[in-house]
Every structure is written in C-alpha cells, then in structure tokens.
Amino acid sequence: MTFHPGQPLTDASTPELLASLLRDWHARAWVSGTGGGICGPTEDGNLFLAPTGVHKELVRPDDFFVVSPADGRVLRQPSTAGLRPSECNTIFGLIARERDATSIAHSHALATVLAADLVEGADHLEIAGLEMLKGIRGLSNVDVHRVPVIDNTPREPELVAGLARVLDDPRFAGAFAVLVRDHGAYIWGDGVWEAKRHVEVYHFLFEATVARRERHSKEGQR
Amino acid sequence: MTFHPGQPLTDASTPELLASLLRDWHARAWVSGTGGGICGPTEDGNLFLAPTGVHKELVRPDDFFVVSPADGRVLRQPSTAGLRPSECNTIFGLIARERDATSIAHSHALATVLAADLVEGADHLEIAGLEMLKGIRGLSNVDVHRVPVIDNTPREPELVAGLARVLDDPRFAGAFAVLVRDHGAYIWGDGVWEAKRHVEVYHFLFEATVARRERHSKEGQR
Amino acid sequence: MTFHPGQPLTDASTPELLASLLRDWHARAWVSGTGGGICGPTEDGNLFLAPTGVHKELVRPDDFFVVSPADGRVLRQPSTAGLRPSECNTIFGLIARERDATSIAHSHALATVLAADLVEGADHLEIAGLEMLKGIRGLSNVDVHRVPVIDNTPREPELVAGLARVLDDPRFAGAFAVLVRDHGAYIWGDGVWEAKRHVEVYHFLFEATVARRERHSKEGQR
Amino acid sequence: MTFHPGQPLTDASTPELLASLLRDWHARAWVSGTGGGICGPTEDGNLFLAPTGVHKELVRPDDFFVVSPADGRVLRQPSTAGLRPSECNTIFGLIARERDATSIAHSHALATVLAADLVEGADHLEIAGLEMLKGIRGLSNVDVHRVPVIDNTPREPELVAGLARVLDDPRFAGAFAVLVRDHGAYIWGDGVWEAKRHVEVYHFLFEATVARRERHSKEGQR
C-alpha cells in the first residue's frame, strides 16, 4: 500500500500508515529493541494503539488495538492473539485530551537523550535560529521554541504526573513535544500526517541543537 | 521505473526521476518534515515544480505543477487536487533565469546549516583541498571554491533580494549553490542529472569542510 | 518471507530470520567484511550456525550448519557445498551452556570498539541513567549495568578462557553481552527475538555511553 | 539477480555484481556525485571497467567496458552507446599488474579523506589494535598495518607515478589499499569477493582510526 497525504485516511489505511512509519523510524534508529510507540485516530474518534513488547518494525496493521482516549479502555482487540496494548496508553490518552492530539509518537532516538542532557538543571530546552522551526505548527523561524524536559521514572505510567504538569504550563503551550531525560520524547500532532511531520522536524531540531552546542563548547575553550 | 543517464528525459520520465530523488534525499535526511523542494525541465522550457506542504518522499509524478521560469505563473495544475506550488517557486525562477539552470534543489540537510555556521561574519564559505570539487562543473581540485552565504528571512520569497545580490556577484560566478544561514541550501545544474550530481557533491563538500574545521578547532587547543 | 514475533519459529523459518538479521546488521555496519556471526535454536535443542568467511548479508537459509551446543560437533552440513562453520562455534557453545542462551550474535560494530576503549584499565563498562536498560531482561532504568570487557586474542577460540572467566563472575550475572577490546561484542538471549532485542538495545547503550563520555570529556576542560 | 560467494562468477554475473556493489556503496556515500569506480575480472583475464561521468548507482551491467590490464586498451565497448571508460583505467591497470589484483575499487568516502588527514607529514597511516585487521589477507590482529598515503594531483592518470612508487615500496607490500590525500582510496583484491571484503574492512579501519584519534586528541588536553 502506498500513501499520499491527499488521500483521506480510513480505518483500513491508518494502521497501514502507522506500521510503515514504525518501519521507517526503526531504520533510522528512532525506535529499537522493542521500544517506542505510536497511535493514530480511528474514524469514530478513538485511537489505534501499537502493542507493547513487540519489535516495532514488525508490527502489522492487524496488531493494533483500538483504545479510548478518554480512559484508555480497550475497545477492540487486535486480530493477532496474545498482544498487550502499549504502556504508552495512559500517556497517549493524557496528551490526546490535553492537546487535542489524535496521533502521538514515542521516540527512543539517541538525539532525544543528548538533547535532554543539554538542559542540565533547567526544565526546558530552548531551540532557536533554525528555519525548520517552521515545520512546527504555529511557529516562525524567528521564534524561540521551548520544549519541556521532565525527569524519567521507572515505569512509563508514572510519567503521567510530570507530563500533566508541563502540558498545563503556559510556557509550553506552543510545544508539540516533551523530552524525557535519559529516555526519549513524546511528539504529537492533529492527525498522522502532522504527527509524522513533527516527528521528523523535532528530530532535526534536536540533532542540530546538539551539534551546535558541541561546537560552542569547543569554541569556548579557545 | 528505472533511470539511466544515457536515456533522454521526457515529460513522462522527468517527474518520475524528480520524485525518486526526493525519496533518496528523504532517506538521507536532506529533506524532512515537509521541507525541501525540487524542480526540473519540461520539454518546452518550463519547470516541473513539486508541491508545498507535502511530505517530499511521498510526492508522486502526478503531483508536479508546471510553472514558467520567467514569472512563476502556473501553466499546468497537477492531476492531484488540492495542492499548492512550492514556496520555492520565485527563488527557483530567479536561479533559472540568472544561471540558466533547468533543475534546482532546496536542501534542509543538517550539514548545510553547520557549514553556514562556519563562516560567522563572512559572506561566503571557502572550500578547498578536495578532489570532489571536480564534481562541480568547471572546477579542478586545486581551486578555492567560494559558496555565497546569505541570511535567512521569515518567508522564502523574501530571500529573493539576498539571492539576487549574490547571483550577481562576480566572486560567486562559479558557484552552483547558495547557503542560507540557519536554513539550508539551493543547489542547481543544467538538467536533472547535473543538479543531482551537484547536490551530492556539495553535501560531501559541506560535510568534509565541517569535519575538518572540527579537527582544526581541537588541534588549535593543544 | 515476513516475520512476526507472534508466530512460533520453526526449523524452516529460523534460518530465514537469522539471514534477515544479518542483512539488517550489515546495512547498519554492525557486521562487515566477512566478520560477525549468529546462531539460533533448532527445534530439537541444537544450534543453527552461520558459516565463516562468507559475506554475512549474503548468507542464505541453506548455508546454516546445525551444531551441538554441548561440544560444537557438526550435526548437519548445510545444503550449500564448501562451507565451514563459523569460528564462533566454540564461543557460542560456551555462552549457550553457561547462560541458557539459544541465540547469540557476534557484532563488529565500531560502537563496540569505542565502548570498550572507554574502560581503559577496568574489566567492565558501567552503563547507567538510560531508559533503554529496560530493554535488557531483568533490568530497570535505575540499575547500574555492568558489561564485562575482556582482552582480544589472535584467534577467536582462544577467547574462550577469558569469556569463561567473566561468565562465571557473579558481578556480571545480569549481563547478556561481553565486550572484547579492539574487536566487538557477543550478545545473546533466550531465542532469536530476545537476542535481536538485546543486540539493538546494547548497540544503543554503547553509542549513548560513548556520546555522553565525549561530552563530559569536553565539559571537563572548561 | 542474487549473489552467493559459493557460486563461481561468470562474464554474465560479474557485471551484475559490480553494479550491485556500486549501488550499495552509493547508499553508504562511499561513491557519490559521479565519483568512484570499480573493475572486476573477465573470464579470459581482462577487466570489466565502469564508465566515467555516470552516477555510479545507476550503472547497469551493459555499461561496463572490457579493457586490457596490460595497457588499458578497450577490448569491448559496452552495449550502451555514448560512454567513456573510467579515468581510473590507467591506475587500475597498474595495480592489477603490480599486485595481481583482478578487482579494484576507487572510494570517495569522507572517512578516506579524514584518515589521510591524520598522517600529516608522513607517507603512510599506521593501523593497529583492531580485530578487523584480520579481514585483510595475510594480517593478524596484532600486526601494525601500514597504508601508504600519496598526494593528490589534478588528473587521475597523473597519480600513476605516485602510486607506482608506493606499490614498489617493500614497506607497503602487505597493503591492499592506497590513500590519496584530499581525495579517496584505491582498494583491491584477488577477485570481486576479496575486493568487496577489503573495501568494507578498510572503511571500518579508517573510521575507527579517525574516531580513536579524535578521542586521544581530547584526552591529551586534560
């Protein structure tokens, strides 16, 4: 199946597209091991959710759960037996409700870890001076974009409190991503296409910010 | 469809080739999000132009506009409904007229941003001491090649003034690329094959110059 | 043939899966030249073993030997003539017996060499502060994980003594990998799917630890 | 067409294999623009030679010339019209005669340029302390391997004198590669499979040596 942004997504094509994004991101090492996750909208306002504990590049359209963004309840089991819904379920639901997001990705890319390392004691990363900021909804290339950074916790559901706090923080109202220290990032959008665009753009922004900080670190020594 | 430089390109095959280059460049992270762009020649001297706001690796041959390089007028809509021509339209037209270019690419690769960072206050990047310079039309490996660097502006059409200035500057008469600070690069050639060769060569030259400068920065500390 | 973790592996599909992993790892430069290796379980408790001296991305399902994990004896020759079993045979057998591993990979990735370089005089690498630790069986993200590092020797079978020592060392009871200085890593799991997950996770952990140490090295200079 | 090291290569399959290696190396950025080159043996002792000025990943089996290693004479034109034999012709012939090589590659990888930069005033790069040295014919992992480095010149045929000198130098009798400063590397073997193995191994050795020198450069500052 090939995709085209001009074609409306359906309950038949959305899981295909979600699975193809996981394959692409696995090839880029943004999800690996069995880490990472993704969800996208059903036609009736719920979420297709990838299973947990599965090599993400091998997830098939039949492996997606349908869950409610209101409470995470499983509304439809996947055709494939023996799967459990992603541990991201609670977090994805929170982001869906708080930000009207219908598609959310969870990345484990090395660049997300290194970007969070940059902030040290602060609670957010500032990204500025990059045209690619225009790839984030609502931003221009002259904006200073603040991405909140929260601490990691042993279990993903426990991240909910930290996430809820920064999603409520007016300083971060323009962010479509949250960095989790030592861990990764949650990145979302309204629909799978916007989520995909934001995922690619934020990874670029994280890589560029890390690379520039490296250079300034060296410059500062001279 | 497979391509071969020995086969003349036609109005049927050029959009296929342009779409395949976008797929290759997306895989290399030279275009991502929905950024980047490309155009190539029609048989009657106009330009096939990719649409804006679309994930570039998913652009299909039917998605290309035909525009006039003289004034950017849309001469033919794509078969696909609902698309808008790339914001690069004005810039591509300017480069086409000033440099007799019939194929132009717009890259958002990280290496273009880091290469522009190197020049700091200057208005161009000097590239020297690399055999790959011979991949640029008219250059030998003993040339010092000057690539102009212009400042970024909030909207791509506003880059036109800066571009017009450096395209007129005799110091840059041998350049087939312009770097835009914090943004990316425009790279062109006479025909799609030369544009493709220049795109690959300039990305190598930018990466090599950045890597060597890193090393000298460290050496200077000892 | 496509694979899915939900389908039980058989003597027909296991060699297909092992061959597909070698292709993926070759594309990532984790095995190259003719280096690297892999084994996985037969249905009757023996090991499918890749041949030596062969470009690993070209290994076909018919090229696998069946060997005994007890003593390395070849129980079944591959259909393809003229092949010899991997030099990893003895080492894989040792790991299989000592750790109840049924699938073991041998990586030659650059990150394994650079990670082993970090430990200098010590006999292990400490990995901490990374969510991806949870991708290793039994670990949480707050654990400090110790991966033993042994010296390289001219012939792989001679590594057996060094490996036997660290596999016996209670400090490393939780490790599913051994780094060999200047050389690479052995990484294993219970079944091919766990071995694959551990391979991807350990490569991430090695890359992240190297990248962070680089940054601290620069910070320390300021 | 799929390849397997166990199948003897023929005049039908050798050009297919050479073309597939160029595609793989283009994806790795070891050849780009229209740079780089390759040759491999015909059944009657001559060389299949890729054309010049062509995007290397698009070279088709029908595009190869047959040339004499004795004097570079073109013995058979490719079926494709309008092609010229690679500028590497003279150099490949020299290496073929001096080293009994029947397959030779010319890489433009960034790692070859950075590796040559390391030697500064010296005439060779020393590579040591790497298991992957065993991937070079005749070497063990405790050898110190010397790869000669020669200066670049404006035209590839003019490199012949420099190459002839180092190919005659007994210090480099064990080398299957020559680095050309600011340019790239020639890497060869007896047959396409050995050349392929040497190409992958030398690129690893160059990358590892560059990465380790970076680290020592930083360490030296503390």
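Think of it as A, B, C and D in the order they're written, each chain with its own count starting at 1.
The rule is short, and it goes like this: contacts are C-beta pairs under 8 Å (C-beta built on N, C-alpha and C of every residue); 3 or more make two chains touch, one makes a residue touch a chain.
All figures in this text were calculated on a predicted structure; none of them were measured in a lab.
With chains reduced to the mean position of their C-alpha atoms, the one farthest from subunit A is D. In summary, the pair subunit A and subunit B forms a contact in which the copies contribute largely different residue numbers, shared numbers making up under half of all those used. Subunit A and subunit C carry the same sequence, and matching their CA atoms takes a turn of 90 degrees, rounded to a multiple of 5. Centroids built from CA atoms put subunit D at 30 Å from subunit C. Centre to centre, using the average C-alpha position, subunit B and subunit C are separated by 42 Å. Of all residues in subunit C, those that touch two or more other chains are 218, 221.
In terms of which chains touch, the assembly is arranged as a closed ring, every chain touching its two neighbours and no others. Residue ranges on subunit D touching subunit B, taken from their complex, read 29, 32-35, 54-55, 58, 60, 63, 80-83, 108, 110, 113-114, 117, 152, 154, 180, 182-184, 214, 217-218, 220-221.
On subunit B, the positions that touch subunit D within their shared complex are 2-6, 129-132, 134-135, 140-142, 193, 196-198, 200-201, 203-204, 207-208, 211-212, 215, 218-219, 221-222.
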